[in-house]
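Two complexes, one shared chain (chain A), two partners (chain B, chain C).
Right after this comes the complex of A and B.
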């Protein structure tokens, strides 16, 4: 299983595939997802490649599928998810599928065209119906008015009326509601107020036949006088996209027309319903297959796209491709080759051949759902160089631990645990949801990280004795106080001499500190020292991780010239500080006494570690101390400190000049040996691998022989292997390696590295103080939230308190979740990430590799889904 | 009959589960007079007077708060039932569409 310690061993393989079998073989490889193909036709443009036509056909099919899907979605037909992903279709089936798609697309297009026609017809008729109905009202009013005038005319015998009525023309129509005001104004302007416009809302929303959007329209009738105005009104109407309808002027005609229209509408409605039903039936039947088809087409497209990476043999009898394969998966690839060949019915086997290369292979870490999250954290910084030590392994523990140091609270840990458990228990259900949203996706991808972070913060919360800023008295406090003294305002200063029982609280911080006035003073100093201790250990561990790298890459000299001086520098300064912290913790206590022995180890004589440290760096003597105290914690401390500082200073030039000098010496030797290039350990190892692997391929070739196939061709292929490889690739590979580095370059590089490391020991140690700062901030914030919010509810007297508790709990819970768990959690997460990327990984991690991107249908489909 | 939406009802369920557990436990701790909660009692100012009267006041505060917490937990139980019913009816109505 040791594959998580380093990335997997990879090898470059050449695939020789018969053209008939190529499609099936690639399909099999896509299902397994174990190889990364290299593009051998990079220099060709897209149209010169061999399988352009097939790719374009797939594109066309995809376009059709997208069209059908859009139509299906428009009708709100549910597209069922497929349980089992279909395999890539047989190339013979493609034509069927293509024809089917074409037919379906044409059907749907026809449906929608005829539906649009019918609908626009329907719309016109309904509008006309509304025009007739609404205008009825206007005309009635007009007639009434006319009647009134007639009556008057009877009295006054004025003969103006028939002339006036005869000359008054009108235009009726329908216009969109939002255009009415502008329309009205325009009419008024062109006629200088001589047009009389009546309008009425249609009352029902109409549907646009093309887009299916809803429209609100208004019926209008414009009364005017004279032909010229009529043509002007018509122009305005067409300008405003108002539809005009002929409207007979007499009541009887109007009534007849209305009846006719109603009848036609009824017929049309029936036809429309039937068309809709038919369309629905077709769409539902298509929707069932839609997902299958689109998966099949994208698989097919991916296969042809990959085939475009292949070279064609001179004799055109086989396709040759190059790919990276993890060593462990070679048998899978071979099985895929055999399966692919047999399912194509080809008589000639396809086979693979491992080739030696100087090029650095891609990095591949096999992950499972638990480790993937952690690996992603590392890869976000930089993908590991090939076969470099993978920090993700240690991150699994150190990441949640450092997070928890900052986030230590049992209550908040439990809330987080609940979220993580929900995400893990309902894993399958949540994973099957589509369109979860980016933020949910991020949290879901990190669910196991969150789980571990919450478990670790339960632990640290227990050690800090914090549950929502309250402490738990699990084992019985070891401090003795009067009840009245604790309950009073502001608490009590805990002095171990007066109140401490003498035996420590079994595990974690004593609960009595919750009430102490000097709680912060105590916790500050404690957590600050703790964070330095943790940080220095973490960094030393990081420096130690360089050893596996040096050994693996056979840079043994670097252990002596890099690792040891780095270690000495870090330990002699900062590990010494850690040692001093522990000596102080063990040696001094709060015992009061009169004898000199007791006074010397009493609290008044406890020295400041920081002052010791500063004096050590400045090479100064310790200042005067109080009566009875000793200057140093032990007698030979000043001597030891001097030795340490000298050793540390010496280690810097070793780091700085060691490697360049060694380079110069070995380089001279090499020149004497006629410039023989020193063999790179990595390359050598890979050659050994490739030897083994050729054996494997030989075996398979033997197998193929037993199947009674053309042996001669195999041999011919293998002989011609070198010839087939494009010269540009061979050149590129050899060009990459063994660049002659000048001494100056090595020196400059080493100088930068040394300065960086030396300065970083100081700055990185200080950087770990963020553990203290954030942990303190978290504890204080949760304390403030409790006392400023929840406390207000709990201190209400009597049964009114119930309501107060009920309401204030909700507020407190909301802020606990939003501020303390979410915001503080994110900030602690970011700081932990920084501590890992900068402080831990900079000690040993190069991260210059490139990720292994296997050709896998699963990944391709997932990517498509995300788009 | 859905009154709150699906999100609000889920929010209500989570809040009331949290409330029931925490207030129930806090009630127990108050009932047994946990020291950690001594600062969260009504009227606990010690003015230097009769220490016995002060103690009885503190004890009364503990029991009072214990009952208050339990009743509030019961209120959250009612909230839970209500939200769960809402959630259920939301689910049903969304299924029937």
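Right after this comes the complex of A and C.
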């Protein structure tokens, strides 16, 4: 269990890296993802850092990559996924990559610019073509009219006066369709109705060369008289962004022009296609490498960003960085140092130096895909303090179990099991979907929690004997009917003395209760007691968990002054209640008889555990009882209860004053002995760490010897010289600083803690009753759904019944899934979470740590992908 | 009234085996400790749950209250039909 019971041991290491090898070393470390670097240059602003230029170059490359990606996506070119992640590029390759990116970006830019030019040219020509084609019609009409006029005018022809002949001037152009009504109105106004406007739809959608949007346009011809109107119309046209085209007035000229334009269009189209092809080719070739490049650039940026955390040695011959390393991974880090140095070709090795620190290290629990979900549940409450007992280990079972106590139903459990199995069996497929959506992600991350919850629900459901609110009679009900029965109009209550076979149903609730009218009375009493039993045991378990913590942090006195009074308080009151519950279960039955012995244990004499409990707390005598019954379950019960109460009350002042008094005594002693007050724990911790260090050094020596590598040996030599130096950045945590803490603080702290604990024993025990409430609610809800919905379908006779049951099943199944599995499941989940966070973990868990955030390319790339 | 020995032994032995014996046979590996704890806790939880249910029904203080129809159907199903009633459909 090692790392999961407690977080891993961490040590602060100093890395001494040669500048030329630094890039490679960090790259290796990033691949392994084992160290968390500390920023040694926090006080510098971003521009003063050493590798700011490199980071900026990477930013620039990222911008170019984004631009290229956008262009690639615009052309709907598929970007293939990379199977193998490329390593961070060699710094020398970066220049090539940079040049390549620059060239590609410039190419693409040029393509788009020329494409825009060509396209706008193309658009103009197309519009002109349409103008010529559409206006043909208008002119034809006009010409006909004019010809008629000409015929009449043959007699008095006066070719010198064109106006007189009724010849009108005109302006032709193209305007966006949505602007036509306004345009028309405006023309009407400026001319007081003296402009004749003809319009026709272009018929095909055109493409905007800049944005690529589709546009619908309309061809118009405005006929008018007089030069003044013409200039006005032109102004209006430009105001409406209408493009005007020259249109010759004679048919011949128009035809010629049309032919010429068609020819030019054809040419242009060919050129356009060629450019498009070329662009496509470039983009396709870029797309292949795009993913690789962006990964490489992100890695590179991450490396330089990390290098900015490093200090430069005074001689400028080496970079010094500090990092947290899990003790188990030190050899990996060392290997990375050696690999990095050798791949850079530098002859001077880089090495690491473990330094002592009083700062508390980050918390690191090594998880796998199974335990991660549970660890996340705990971390959501608060990351464990360094080396504190990790509740996640127990949560793996207790969480699904408490959930299942509330959710117990075989049917709903099976539905859930199906979902969980699907998510687990198709794990790889689902994990590879990139955009799953938040809710799917949450469920998927908790797939193993769901699996265990469903398995436990199957078990508890089997014990509750509930399958969609129906029961199974697997082992044979232990209730029987006797010969020659009679039954009245109102039914019958079976007396256990005559109808009960003597031993309980082997596993779970007897199926007879399923159709009993007083089912709830029975289940109420059973489930309430069950939840108290489970709750008290769960809390006792939680208090027991403080022991490993006290032992590990060497607070042995707390076992005596904290753990024992806490345990006594909890057990003498609440565990006593559990004991009483069991005594009642064992002692009383519905036995019939006349002798006093028999009457005393009969059902009419069964006492209420709750009344006993209340009287015990209030120090009251038990009230009068029925004839033949005894006041107490056994003779010395009142005495025992008095003793328990006294013990419980005594344990409170022990809890309250024990620790502060001890502190005062030891505090005095220390002052007398030393004058100055060193903290015992600190000294000890340092010793422990020095032991660990020598162990590691030996280990690495061995490793390098077996490798027989020259560079390795150098490292080992360096390692041999490792000396203890206090870290330059030792920060004292004021919270743990007992030297400063006065007696008063300890006292106040302890008083709060004691009050909290004492009150919490009551409130937390009551809180576990939610197990009873929710499981009862779940069972009742599914019962109601069955009788109110599904039963309606079952009672319809004949062929109609077939259809009815078909439809009603759908309704029932929908509500079963949506309400009973999903909503009730979520609510049971939340209540379980609360029971763990508040009722269980508050007994021993501080949760004041900070998480270990290793420098890992994998994590960085995943985060980038999510954005 | 009381417990039958056989079911009690069977379940105690079964969950005892899961929680107390199986942990010793977990194959060696980095997760051995975790699996051991899981097995032990599973054994305890499941046994406790079964035990409470069993003990709670050992000495019933009340019996199931049945409707007349339910009662009659039960009697018929269990082979002891009630003859002297005429108004049963």
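Convention: the second predicted complex is superposed on the first by the 662 of 867 C-alpha atoms of A that agree within 3 Å, B and C clash if a C-alpha of one lies under 4 Å from a C-alpha of the other, contacts with A are read in each partner's own complex, and residues count from 1 in each chain.
FYI, contacts are C-beta pairs under 8 Å (C-beta built on N, C-alpha and C of every residue); 3 or more make two chains touch, one makes a residue touch a chain.
Please read all numbers here as calculations on a predicted model, not as lab measurements.
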{"item": "Which superposed partner A:849 touches (first chain B, second chain C, both, neither)", "value": "neither"}
{"item": "Touched partner set for A:526, first chain B, second chain C, both or neither", "value": "second"}
{"item": "Chain A residues touched - chain C or chain B, whichever exceeds", "value": "C"}
{"item": "Touching partner for A:413 - first (chain B), second (chain C), both, neither", "value": "neither"}
{"item": "Chain B versus chain C as contact partner of A:582, first or second or both or neither", "value": "second"}
{"item": "Which superposed partner A:504 touches (first chain B, second chain C, both, neither)", "value": "second"}
{"item": "First, second, both or neither for A:173, with chain B first and chain C second", "value": "neither"}
{"item": "Common interface residues of chain A - those touching chain B in one complex and chain C in the other", "value": "483, 486-489, 515"}
{"item": "Chain A to chain B touching residues, read off their complex", "value": "415, 470-473, 477, 483-484, 486-489, 511, 514-515, 787, 790-791, 794-799, 801-802, 805-806, 809-810, 813-814"}
{"item": "Contacting residues of chain C [partner chain A, same complex]", "value": "1-4, 7, 11, 30-34, 36-38, 41-42, 45-46, 48-50, 52-68, 70-72, 74-75, 78, 80, 82, 84-85"}
{"item": "Chain A to chain C touching residues, read off their complex", "value": "1-2, 4-5, 368, 371, 393-394, 396-398, 401, 405, 456, 459-460, 463, 478-483, 485-496, 499-500, 502-510, 512-513, 515-519, 521-522, 525-526, 529-530, 533-534, 537, 582, 585-591, 603, 606"}
{"item": "Complex contact set, residues of chain B against chain A", "value": "15, 18-19, 22-23, 34-46, 51, 54-55, 58, 64-65, 67-69, 71-72, 75-76"}
